[in-house]
């Protein structure tokens, strides 16, 4: 399966501002790209590309005053299979976890493991360890939280989601991640493309959030918002929570004026030229 | 100058528990060590040593039920000079910062940059950029916050410090770090040894917290709690905030029953044998 | 001047639910009414009317399942003069305040006086006591907070307004009230009608919030949202904060499906019959 | 049974400060007093006594700079019976509650009913309504929260107690009250004397907190901290939460330097003279 990917984002920039973007396909998927994946920036600015401490591809640049447009279009090959399900995947005792996984057990900005630790134990502590327990967490979060874009709020933490029971996709994942960590299951936040392949289209396309947990010697995708195996996730970045993987971080004012994202199946591997066929 | 360093910490462990410790002198100071710096653990357990994503030396092990004792004693050579002061050190525009410094501008568990951004701008935004502004932040925090061990609370965030105006040393640094980041000055949390060299002894020895900011192409020490140049800081770990650099993190119950830390000047480079001359 | 007042509110009620409404004109304005001010409820239910501990007129009833409609239309005579301004009104030392005013110095659900006390002192403590200081508080809040219905959130407290700087009219008043109380100026929350008399109409009509402070032996109206003297406020209820004076409080599910409020100047004292001429 | 009651409290007052005290026995118990219950204040100041909106006896005065001493000793007759237990007491539907009870269903400073409503329903919503459900709430809170004076913190809310699981007696009651209100059971905070009559003495005497719920046409005592029927409670004040019934509220600086409370059984109704036999 081939998936066309792209975005077209505009800001009004009142004064020169440094911006870091995480809009490139994750290095772990780079070999699947069938077209260049380069950020197109108007006006032309000098861009530095680097990997952050989590292994994500970042671009940084200083935007001049005026309209800033970020866009790209590329093509990726995808197995076209749904997220794997492994009901027998087992939890590792902390002592067995790889060193790199340990940081994903700790507190982070939106995931107050300390404050939700007792709740997590009460709700899920008695469950059988392993895949089923993570799935139980996703089921709980998915059932209890009501989705709504009107509920989007940049400062909402997992504790807020737990009490207020409303949110957008990132809020679902933050609460599920926090519960997992409280049970000593490493969990990390993911952002990327997720089109409507195989499911009815319900909402305007956006970047999506999901999370990964470490079970049975590898990381597995879970998604407390959609809570079903999906086809065609294309990872952009992983981190401790949404703080680490913002699509764009501007260190000063930049007013979003346009936002369009594309991720759709395409039959033929036609080359998409970045900066030419912008998504609608 | 030579400084004797050591610690002697005991826990009661009810059930086997995985523990990560950050009790080793930071790799950046390893060449100053004049004696081995190895963690002594009783009972004997298998220990794995690794560097975390921030470059800190970590040890991990699984403690069996019963009494767990962690101790060490070592010796380090130190220039014996106070923290450098560079009133002319300039701030970098974000666009000039090194890639690795950018993460220290973001939100973290105890440092809600988003929520204190307006306050920081109102209090310090009009100040001349550079060293003086960071010093102004330290002066403000040092003056406004009242110290007290009775105010220690593991869940207190920078916002809590700002509103409640009480705390222990980590709280001072969290608030100052948050203000710096809100002004686009990279700031990272530090933990380490800080004896009473050159100052009157006022409190029982403990590990200490301070922070570093990135100005003029390097990291500089600031300390909103003591707020004066000090002699003899020995860095153990740096991270985004206290979440990243806990002295010990236990993934399950471990009750602290003894805690002693030593950092004192000594005249001769006598070798200290770890596990033999425990600090009083 | 005569003002036509009215509302037309509908809920879908899934199961019988007790409701308390504060939709009657405040007893202090009852003598100005030129038509009956009775709540019209469909379907017909038994209604109990009482004064709460703050002196507000409340109605309570149990709504059956189905559509619930609350409406009324009445007429009030109003002096047609703007909110009084008394730049020389002085603050009372707490020792001089009437007993009844003291409760309006305390913490309440949305007004964390304790947590914002230091901030209030830093921002306004040096100002000359009296009217001017309250006005300075309103100016500050009005300037710093950005209005937006998309920012409405029932759990937002004064501290949240202070950090996040967004909100709807109740949020402005909560922050201003909290600052006043922190300075020992009694402040209470008000809800009522406020039409667009004498000002350009900008938003769909809604009930409005303002607040009152006790200066110079009486209560005075302030409004940190509009921050200008207005004509035609008709008080419904006062309390410690929005918790005490919700237009409707339902003790169980009741989904709001229609909400219209009317408050407009009319030239002649035509009698408005409740339940007949519902507001558009 | 007769109970000797008293207190001896000292403050250092740096500048004249208005103080409101709630240190008198509640009007509902006035007829049981067997000696005068008057606050003794040194130095002599003019005192105004009044009932607040909750029916509590308050004293207010302005303390001059210097040492302020508040003390009293009195005697009360008490039935000597434990708190009544009525397992069959039923809950009222909200529609049946008396008007005055409705305010005790709402949010207040320390009781965020809105934020804990879902949790309360999940934990206790399926329980049989009535006495047993309130008792289940007390059992839960009593079991889950760990007591410790080192955990005292004036800004801790019910939500903080729920997440952090530590506190002093007021914290226990705040959480239990919030759960009750979320289930539409009116609950109000109480403060008063509670000696160690019939139980082993464990802690230095202090004023105590408990709460009352409205079941079966009256208010009943519950106590999530002690969680057992006790003998000899002497009510001082009730309110929505601890904000309303602080023993003393000072509107400016007043540093507590001495605090002693007495409530002990005595065999004979010897008259205690206020201001003469201060409690030890």
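Annotations for the structure displayed:
Note that the chains take the letters A, B, C and D in the order they are written out, and that residue 1 is the start of every chain.
Just so it is clear, contacts are C-beta pairs under 8 Å (C-beta built on N, C-alpha and C of every residue); 3 or more make two chains touch, one makes a residue touch a chain.
These figures come from a predicted structure and were not determined experimentally.
Under the touch definition stated at the top, chain A and chain D share these contacting partners: B, C. Residues touching across the chain A and chain B pair largely coincide in numbering: over half of the numbers involved belong to both copies.
Within the list A-B, A-D or B-C, C-D finds its counterpart interface, over half of the contact pairs alike by residue number, in A-B. Per-chain CA centroids place chain B at a distance of 49 Å from chain C. Chain A and chain C have centres, each the mean of its CA atoms, that are 42 Å apart. Look at where the CA atoms of chain A average out and do the same for chain B: the two points lie 31 Å apart. Multi-chain contact residues of chain C (touching two or more other chains): 112, 115, 155, 163-164. Put simply, chain C touches chain A in their complex at residues 150, 153, 155, 163-164. Chain D contributes residues 112, 115-116, 118-119, 144, 159, 162-165 to its touches with chain A in the complex. Within the complex formed with chain B, the chain A residues making contact are 16, 18, 20, 48, 50, 52-54, 58, 60-62, 93-95, 99-100, 102-103, 105-109, 111-112, 114-115, 154-155, 184, 243-244, 249, 251-252.
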